[in-house]
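Structures incoming, each one as structure tokens.
Each of the next two complexes has chain A plus one other chain: chain B in the first, chain C in the second.
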Partner chain A sequence: MSTQTSSTIQFPYKRTLGPVISRFFSELTAQRIVGIRSGDRVIVPPMEYDPETGNQLAEDFVEVGPAGTVVSWTWVAEPGKHHPLDRPFAYALIKLDGADTNLLHALDAGSEDAVSTGMRVVPRWRDEPVGRIDDIVAFVPGETPEGPAAGEAQDVQTMDYFSTITYTDVLSPTLERYAASMRAGVIKGQRCPQCNRVFLGRGYCSVDAIILGEEHEEALPDFGVVSNYTIVTPTPYPGQKETEPFARASVVLDGDEMVIAQQQIIGIPVSEIRVGMRVKAQWFPAAERDAAEITSKGWGTVAGFIEGWVHTGEPDEPAEQYMNRVF
Partner chain B sequence: MRNDSDIAVISTAYLPSVRRNDITETEMLIAVIDEALGKVGLKRSDIGFSCQGSCDYVSGGTFSFVPNLDAMGAWPPIHESHVEMDGAWALYEAWVRMQHGDVEIAVAVGSGKSSTGDPAEIYINELDPYYLAPLGPDPVSLAALQARQLIESGKTTERELAEIASRSRRDAANNPKQQLRSLETDVEKLLAEPYHRTPLRKSDLPPISDGASCVVMATAKKARELVARPAWIAGIDHRSEVHNPALRDLTDSASTRLAAERAGGVAGVEVAELMAPFTSQEVVLRQALGLGDDVVVNPSGGALTGNPLMSTGLVRIAEAAEQILSGGRNRTLAHATSGPLLQQNLVCILEGDN
Partner chain C sequence: MGHEPVAVVGIGQTKHKKRRDDLSIAGLVREAAQRALDDAQMTWSDIDAVVIGKAPDIFEGVMKPELYLADALGGAGKPVFRVHTAGSVGGSTAIVASHLVSSRVHKRVLAVAWEKQSEGNAQFGLGGGKSGSIGAGGAFAPWIRAYIRKSGAPEHIGWQIAVKDRQNALRNPYAHLHLKDISIDKVRESPMMWDPLHFLESCPSSDGAGAIVLTDRAGGEAAAADGRPPAWVLGTSMRSEPSSFNGRDPIRPQAGVDCAWDVYKQAGITDPRRQIDVAELYVPFSWYEPMWLEGHDIAPVGEGWKMVDRGETAFDGSFPVNPSGGVLSSNPIGASGMLRFLEAALQVRGAAGEHQVDGARVALAQAYGAAAQYFAMWAVGSQLPSS
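Then we have the complex of A and B:
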């Protein structure tokens, strides 16, 4: 049985537009399409520079379209979630009247039979324009634009763009064994036969670039010493769940130089955390242990299995032993 | 005659292209680097410089090249770099680095696991965020717009595209490292298949692949010590065009033509490995390069039958080099591309000693 883990990365972009794209999007809000002159050519959508020479262009805008002619097209019979329309449609390259270049956009024509190279198309305008390329919902066949009456142009300076990607990872054989061991409450590492260092959930030695297998695995203690820490005062940003100052500590497991970084210390105020403090793992209850944080895309993690580390009550190790280290 | 400063490819390796590889990207790289070094009896400590090509969006993690770098080892200390591009551009950077004259052995790698994400979802993040990304175009739709222009301008036919698919699949059947090795090769039957995105059929598209590749380069003295027949890099160049495909002539590739001229030209080229993940793009590249009918194109099976993103281009260089290292050819061409619809193109000309 293989374990699948899923992760979603989101990018909530707010982009500034610069003088040329800003003008283009501002005009769209008033249902006008503008190009930019480069010599005797008109480039649509407008660019800050000539696409062929790279020369910066004067901001000499000219209105084009709104009707145009289809130069190329393809039919999307089964739209996906990232496509602009939820029914079958065409992507098309459209040469707007008065333009010397093509514009990529969607074409809502009902059926594939209704689409052909050379056909005439016009915009269907969005009901409430915001100043984006999709203020044109799609192009449609004909010469008469569709949509509400045009309003005043807005001054559009930025654009929101929300991007999200979901990944489904199947754990490698090494990570599968690692996850099984962690579910059972045992930290299992792999010892490199060349340098004798131990690595968690990785499958290879990071120093010697040697593949490590099941024969190199051994159980490790789930207690050790805080070797370093930092206290973070959180500032709000997308994805930040912390609201109060919190600590992230490095824990060196007993007996080896195996450092587990970015750990929470539980049960004491952050101001009392210190280098040299002896700690032990506080495992999540067996039923709550979760491999979701393990991926094939990085180094081993104990997240999802170990909630944090608690002070054992034993005397501290001398802090000096842990100086001059990165972690 | 070769100069002492000349640089040759001396060894190559790439993993079989598969729909999903269960091991991690780092483990894939360790395996492929071991194989390439092993062929010429080198160790990691012999490497003067290495460069990786990979992509965080494909890998699904920020700084994903950092764990990948573990495949080079950490001791003794290493000199390395990374490009957020196909491994072919990693090779270009390593080749540039070797021009300083203080590095005898350099390694370029490329790796990608497309299996963990949806390429159509990831691809949008490669596009112009203002004019293109909000419209959500997927790579196949864009390729179809290009293919229709090629067909309607008379530069190709659907039959020629089917013939390219057929030839690629027949070649792949002889290359155990390609992914699509037992699919239909009868042109009439391919033409009878339904469209996926008009005018393209599934046979015109590449598979989704995981893979990794490694190419080892050496300066002249080392190259002659280590292999009988080095694949000399006679020229290498890459050129870029405007990003937005709607602003380009999609039936031509001026940047490919210019890169080939700067790399020494196509005269005498016997074999060309072209990174054409769509049949229609092979047509564009052949015509832009002016390749004659006597040039063997993509004998490996090409990107059409195995397309591990971030490695596909470096595999083209590896295959073109092997035509000289082990195949006895004298002059071969490798091409790699990046960006939507052949935006950026790299051409590498390789030569053997007569």
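Then we have the complex of A and C:
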């Protein structure tokens, strides 16, 4: 059975809309739909440039719709969580009255049988407009728009875009063995038979590009030397939890010279971390070890297994022979 | 039949700022592209193919933005290419475009590179979307510490470069930072961000784009005949190496050495220190100036900081580096390499205005990316290459 790990990243992006899409979204907040003139055509939503030639368009806006005609459509029988409606609906290309291009939007028609090319549709407006394309909740059959009475137009210059994406990784056999070994408290590396370099959970040699398998694996020491470090003054960003300067060190394991980067040094102030310091791994208790940080996009990480590294109390090693080793 | 000579006949860039809140992403790339077309005396319809470059999509959260931007750059019905080589991408984008001309696939190519950092957060993006991102400064600080320790360079070298590039930026109206009162004291006293790097030794976060139009020999000669001298491409190269393996020299990566010598060889350069008049090197953190002077054999190993100390890389020095103000003054990440490449072209065209280096005939541009592992470089000159 294969092992899967999953990870989610999310971020609140903020778009600046520019003069043309700003105008389109501002008008939507007052339940008006505008296009832009490009020669004989009216393009909806409006664009800053003619999409066929790239030529800049004068900001000559034209109100269109709100009713329109379905030009083409596809039925979404089982909406997912990212779809605009939570019940079956159609995605439709709608030519709004007065427009020469088609607008893609959701059509809430109840059933597939109720949708046809050539049918007339109108917007269902959102109760409280925010200046986004989903101020039109969906189009609905008919000639009379649905929703509250139109209010004053808002000045919309930006758009918040909350992005979230979840990755599911299926771990390679190398990473599965690596994770099992880490759960048992042993760092296992793969030694390239050609160049003798050691890699963690990679499955290949980065230098010789040859495949490394179980036969190349060996236990590595869980102690070594701080080869270099960074003290980071954290800047705030969504998801940032660090508020005070923190250190990340690179540790060269004894003997094989494998580098483990971005490690925490535990038990001493950040200001006392130095190149050449001898350290040993502080493992999480066996029951708390967790492979969630291992993904097939990278290679072996000790995150989730080793909490950090503690000074052994032994004398320092000479700094110069280690400093270059960071990643 | 050899390669077709390639000429840069149009150059454009945006005013780089912390937040271009007056523009959409399409508006940003079009501001640079339109200026390049105007400079080339061309229109969108004159262009055969478009090459778009930017750094990771996570920076703005627009996935595959080249699809959305194809028609914004007049690409309907034309070949459109996306390039992505991390921080070096702006340079790689120019090189890919030049190869489309040198291989005689196309005659007139528009290359545009951009970033709109204000829409997201680069620290977030570089940290894989997690807390505790070390950022680019945190990644490079240990190597800078190693360089300082090995070379014995005094700490004022970093401060001096931070001041020099900001003073150069005062000559460049497009630069993001215009720090009129920059001084050694100010740099030294600015907060320590990634020890040993101070805040003012680090690049800003910028919105911006850069664009160039490249043509074949006939296009370049026609522009020259019209009193608009082109920049001729003398050599291009891209090289890369893995970020992590025992025996790697991250202070002077072999890929950077090989990339430079590949360009020098194509350009007929045997003594880069003497034969290159001006260089635009990718210096997002002050200490990378001496590191690349050594990493591209412009200075002997261990001697790069001495060139800086003697003032040779200053605007009026014998080997000016980053007359534009460099990445330290403007950093729209995906565009930053392009800005190096187009500044080199501006210099040899004699079109750099207040930041024109006198007598610039041969200019070198370089960009690097990720863990100092991707390199893109070109040399451009004022004369059509002889072979």
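Assume the second predicted complex is superposed on the first by the 320 of 327 C-alpha atoms of A that agree within 3 Å, B and C clash if a C-alpha of one lies under 4 Å from a C-alpha of the other, contacts with A are read in each partner's own complex, and residues count from 1 in each chain.
Here is the rule we use: a residue touches a chain if its C-beta (ideal position, glycine included) is under 8 Å from a C-beta of that chain, and two chains touch if they have at least 3 such contacts.
If you're wondering where the values come from, they're calculated on a predicted model, not measured in any experiment.
Asker: Touching A:Leu17 in the superposition: chain B (first), chain C (second), both, neither?
Answerer: both
Asker: Considering only the touch criterion stated at the top, classify A:Thr312 as touching first (chain B), second (chain C), both, or neither.
Answerer: After superposing on A, A:Thr312 lies clear of both chain B and chain C.
Asker: In the overlaid three-chain picture, which partner chain does A:Ser296 touch, first (chain B) or second (chain C), both, or neither?
Answerer: Only chain B; A:Ser296 stays clear of chain C.
Asker: Check whether A:Asp169 is in contact with chain B, with chain C, with both or with neither, and answer first, second, both or neither.
Answerer: Once the two structures are laid over each other on A, A:Asp169 reaches chain B alone.
Asker: Per the contact definition in the header, classify A:Glu112: touching chain B only (first), chain C only (second), both, or neither.
Answerer: Once the two structures are laid over each other on A, A:Glu112 reaches chain B alone.
Asker: So, does A:Val207 touch the first partner chain B, the second partner chain C, both, or neither?
Answerer: In the superposition, A:Val207 contacts both chain B and chain C.
Asker: Looking at A:Leu104 after the superposition, I want to know if it touches chain B, chain C, both of them or none. Which is it: first, second, both, neither?
Answerer: In the superposition, A:Leu104 contacts chain B only.
Asker: Tell me the contact category for A:Thr53 with respect to chain B and chain C: first, second, both or neither.
Answerer: The second partner, chain C, only.
Asker: On the A-aligned overlay, A:Arg132 touches which partner chain: chain B = first, chain C = second, or both, or neither?
Answerer: first
Asker: Which chain A residues contact chain B in one complex and chain C in the other?
Answerer: Chain A residues touching both partners: 9, 11, 13, 15, 17, 21, 51-52, 161, 163, 206-207.
Asker: Which bits of chain A are touching chain C when the two form their complex?
Answerer: Touching chain C from chain A are residues 9-11, 13-21, 48-49, 51-56, 157-158, 161, 163, 197-199, 206-207, 228-235, 237-242, 246, 248, 250, 257-259, 261-262, 275, 319-320, 323-327.
Asker: Taking the touch rule as given, give the residues of chain C at its contact with chain A in the complex, in rising order.
Answerer: 19-27, 30, 34, 44-45, 58, 60-61, 71-76, 116, 118-121, 123-124, 128-135, 137-139, 141-143, 145-146, 149-150, 191-195, 242-251, 371
Asker: Which residues of chain A touch chain B in the complex?
Answerer: Those in contact with chain B are residues 2, 7, 9, 11, 13, 15, 17, 21, 43, 45, 47, 51-52, 71-76, 80, 82-84, 91-93, 101-106, 112, 117, 132-134, 159, 161, 163, 165-170, 172-175, 195, 202-204, 206-211, 295-299.
Asker: For the complex, which residues does chain B have touching chain A?
Answerer: Chain B residues touching chain A: 20, 22-27, 30-31, 33, 44, 57, 59-61, 64, 67, 70-75, 113, 115-118, 120-122, 124-125, 129-138, 141-142, 144-146, 148-149, 152, 195, 197-200, 241-242, 244-248, 250.
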